[in-house]
Amino acid sequence: MTNQDHRVISTGAPPWKSPVALSVFLHLLIVVVALAGWSWTSPVDEPPPRSISARLITQQQPEPSPVVEPDDQPDRDQQRSAEEDERKKAEAEAERRRQEEEARRIAEQKAREEEARRKAEQERKKQEALAKEREEAKAREAARQKAEAEARERERQKAEEERKRQEAERKKAEEEQRRLEEKRKQEEAERRRQEEEARKEAERKRLEAERRLREQQLEALAEESRKAKEAEARRQQQAAAARAKEAQMLSESEKYQALIRERLSQAWYPPSSATEEMTARLQITLLPTGELAGVRLVSSSGNTAFDNSALSAVRSLNRYPIPDDRETFERYFRQFTIEFNPRRLR
Amino acid sequence: MTKRTWTTSHKAVAAALAALIMLATGARAELLIRITEGADAALPISVVPFAENGAIPPGDKISEIVRSDLAMSGEFRPLPAEKMLSLPSRREEVYFRDWRMLGQRYVLVGELSRNDDRVVARYELFDVNQEKRILGETAAASVNSMRTLGHHISDKVYEAITGVPGAFSTKLAYVTLDTFNGKPRYRLQVSDVDGKRAKIRLESQEPILSPAWSPDGSRLAYVSFETGKPAIYIHELATGKRTKVADFPGLNSAPAWSDDGRSLLMTLSKDGNAEIYRMDLATRAVNKLTNHWAIDTEAAYDHAGEGMFFTSDRSGGPQIYHKESLDSEPRRITFGSRYNARPRPDDKGDFVYYVHQRESDFHIARTNLKTGVETVLTRTGADESPSLSPNGQMLIYATKQSGKSVLTVISADGAAAYSLPSPEGEVRDPAWGPIVN
Amino acid sequence: MKLSMHAKVLAMLLSAGLFAGCSSTGETVGDGTYDSDVAPVDDGSTVYGGDDEGGVSSSALSEEERMAAEERAKMEALRDITTFYFDFDTAEIKPEARDVLVAHAQYLANNPGQNVRLEGHADERGTKEYNLALGERRANAVQRFLIVNGASRGQIETVSYGEEKPAVMGSSESAWAQNRRVELVFD
């Protein structure tokens, strides 16, 4: 991106540079022609240079376009606003550098012009020295010394005129230059203003985007917090419900344990050989209907009759009393152990 | 890298913890229901009439004998045959669902066949709820011993279900009293435990009492007044031969056999006061085991065969005492009331049974020898002569019914009572014979 | 001590007998004495009635002879009583029975050739063997009393029937009271 920006500027440079070189070259040419063709000075006031400068100006017109470019750019979406910002900042920086470059170039141009003038002056002085040499030679020739003097006077006047005209021309050129400069400055100011506006607009948009983003973030945060609170409330509610359920299941379980104990006590006929030392443990598996799915003697009493009495008792119940609640059933009654251990033998 | 490792191990720990929690939850969910009390009722059992193949003598039906035996034990509640939905005689005919519907726990089926002069019984016992055969056997007896066969099957069924040997093939001795030609008629009789097949062993116009079985079941010792005063006799049942072993001045009473059948404990008052003596039957020599001004009588060897229980009123009224050995100091056992007499210990050393007066009534009670807890076993009110079945599960005693003495069998824990069909006149002094193989 | 007390009782009895003899027949006295003895007994059995014949007297005797005869008759009337009763689970001779037993003892003392059998009984309550011993204890108690009052040991035989031979059938307090007894049986 940044590279591209640089490239945009560098590509924009040649059309911007070339007219300046061209103008310098043309000015020099004019001076040379003017000095060389002393006799045909009349075309000095000819408009061509004007047309050239006008052409130059028109050529300079597209200059700000790369800077203004961001103006035409469509609004970036919010996610990209930061990048846009960055890009704009970079652009501003590029612009700043470009302007500096331009100022530098102007200064250089001026220096070059100055140099050209100086050279022209030197050239002129050299020409004058040559002319003087030639006049002196003519005078020595005597025949036409006076005429030459007159001619010299005329020449001098004409040169003076020429000088004045050149001065005016120079002033006019300077004026033109100043005007151009003014215009350029105005354009520059305009461009800056536009840039500033664009920047401000961009900044505004960025701030707006930021604000929106922040708002959205805040909103999201609030939403998140609300949701978290809701979730927490829900969780607590669920936990409370779970606890209540747990308690209810436990009490249900106890109720049905007592029922099962009662039913089995009625169904169990401890054999005569039973003693209080005998214990048989049976693992029971029930169906959700309360029907016995399976029974397994996990610990024998060591007395076959006793074990049989326990097995028979467990199998004698057609349906075990079990809670309606499926969860309680699964938790407690799907599988459990029954221990037969007589405590109150008569 | 380190962080990742930590995270991994952390995860592993968390997983382990979760597993532990699951386990803990699982352990909690594994319910344990403890059953410490059983049904306070008799066990429902169906004794299906046996199928009969061939010439089976009419009269006593095996199934009826078995039913009656099991009912007498107090531990069983046999279903009357008319309430049965079917009468199977072999396994494939038994529909467990039907018997289950009838609330039955066990079903006994069988069939009889004739083999020369013997009747062969093939029988099977099923656990209805487990749908499982728990007994299957063939037994034979002579044609005129159908009751013997019946009692044998009762014994086997009883043992298969309760884990305790049955005592239905044992004998009872008892004394009947009626009036004949205007004179009292005492008769010593021996019968099956259900009172059937009674045989008179001795008849007298004078009292006969305290029959006592020798350990092998071949002899009875008893007190007879046939000479006008009490004397102790030993009666060989097989031959009818009688021997008067004790005829000292005064009392000669309360004979009790030693485990080896070679000596008798007895009460003599030859020295002026009722004391307990031990008589060596071979030599007839007696040695005195008690020496007190009080009445000491009704001795019985304890379960170990070393010491004895007896009645003494040395405390002012009759109470039960125990001697660890025959020559040790007696220890008083009963304290529950002012009258406790005639101890009969079981053969495990758990309980001693005796006659116990409560208010104006006399009951049979027992004391737990380990805890000292006394339990009154009978609801009748003029009870005496308790005698324990050899398997320790039943107890027979004499009580009054319509002013007449009759015999009643209860389960040894007093839960159930069964009155034996009483012959004419009074029936008293029952003595339960040993299991004889 | 016991002797002197017995002598006193005897003396009192004799004087009472004399007094009674003056006014009435001996049987009344005898009955009266007995009644107080076994007050709870209502169904009269042979045990209590006592035969009347002993009370008849002849008029030809002298006063002394008559008095002696009356005395004898009195004693004989007393001796008609041969059954003695006891409280439950005791062998204690009741005070009312003592003069009668004394009469029997004197009779035995006067008639050394006369033997007596003491049959001890118990009521049906309690155990047979213990009751057998209890009956014996009662018989022994009576035996000792007779010996103390003049009878000799050799004349007396004891036997206990325990609860085997009740005098009265039944399971009432009155039946039991009549069955807890010692009977004197003279050959």
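A, B and C label the chains in the order they appear, each numbered from 1.
As a convention for this text, contacts are C-beta pairs under 8 Å (C-beta built on N, C-alpha and C of every residue); 3 or more make two chains touch, one makes a residue touch a chain.
What you see is a predicted model, and the numbers here were worked out from it, not measured in a lab.
Novice: Quick check on this structure: which chain has its C-alpha centroid closest to the centroid of all protein C-alpha atoms?
Specialist: Measuring from the global C-alpha mean, the nearest chain centre belongs to B.
Novice: Farthest from chain A by Cα centre, which chain is it? Let me know.
Specialist: Centroid comparison gives C as the farthest chain from chain A.
Novice: Measure off the straight-line distance from the CA centroid of chain A to the CA centroid of chain B, and report it in whole Å.
Specialist: The separation of the two C-alpha centroids amounts to 104 Å.
Novice: If you average the CA atoms of chain B and of chain C, how many Å lie between those two points?
Specialist: So the centre of chain B lies 46 Å away from the centre of chain C.
Novice: In angstrom, rounded to a whole number, how far apart do the mean CA points of chain A and chain C lie?
Specialist: Between these chains, centre-to-centre, one finds 141 Å.
Novice: Can you name the residues of chain A that touch chain B in the complex?
Specialist: 253, 257, 260-261, 264-274, 303-306, 308-316, 331-333, 335-346
Novice: Tell me, which parts of chain C touch chain B in their complex?
Specialist: 89, 124-130, 132-134, 136-137, 140, 158-162, 164-165, 169-171
Novice: Under the stated contact criterion, what part of chain B meets chain A in this complex?
Specialist: Residues of chain B touching chain A: 29-39, 41, 43, 75, 100, 105, 127-130, 134, 160-164, 375, 393, 413-415.
Novice: If you look only at chain B, which of its residues touch chain C in the complex?
Specialist: The contact residues of chain B facing chain C are 207, 209-210, 223, 225, 228-230, 250-251, 253-254, 267, 269, 272, 274, 295, 297-298, 311, 313, 317-318, 339, 341-342, 355, 357, 362, 382, 384-385, 400, 403, 428-429.
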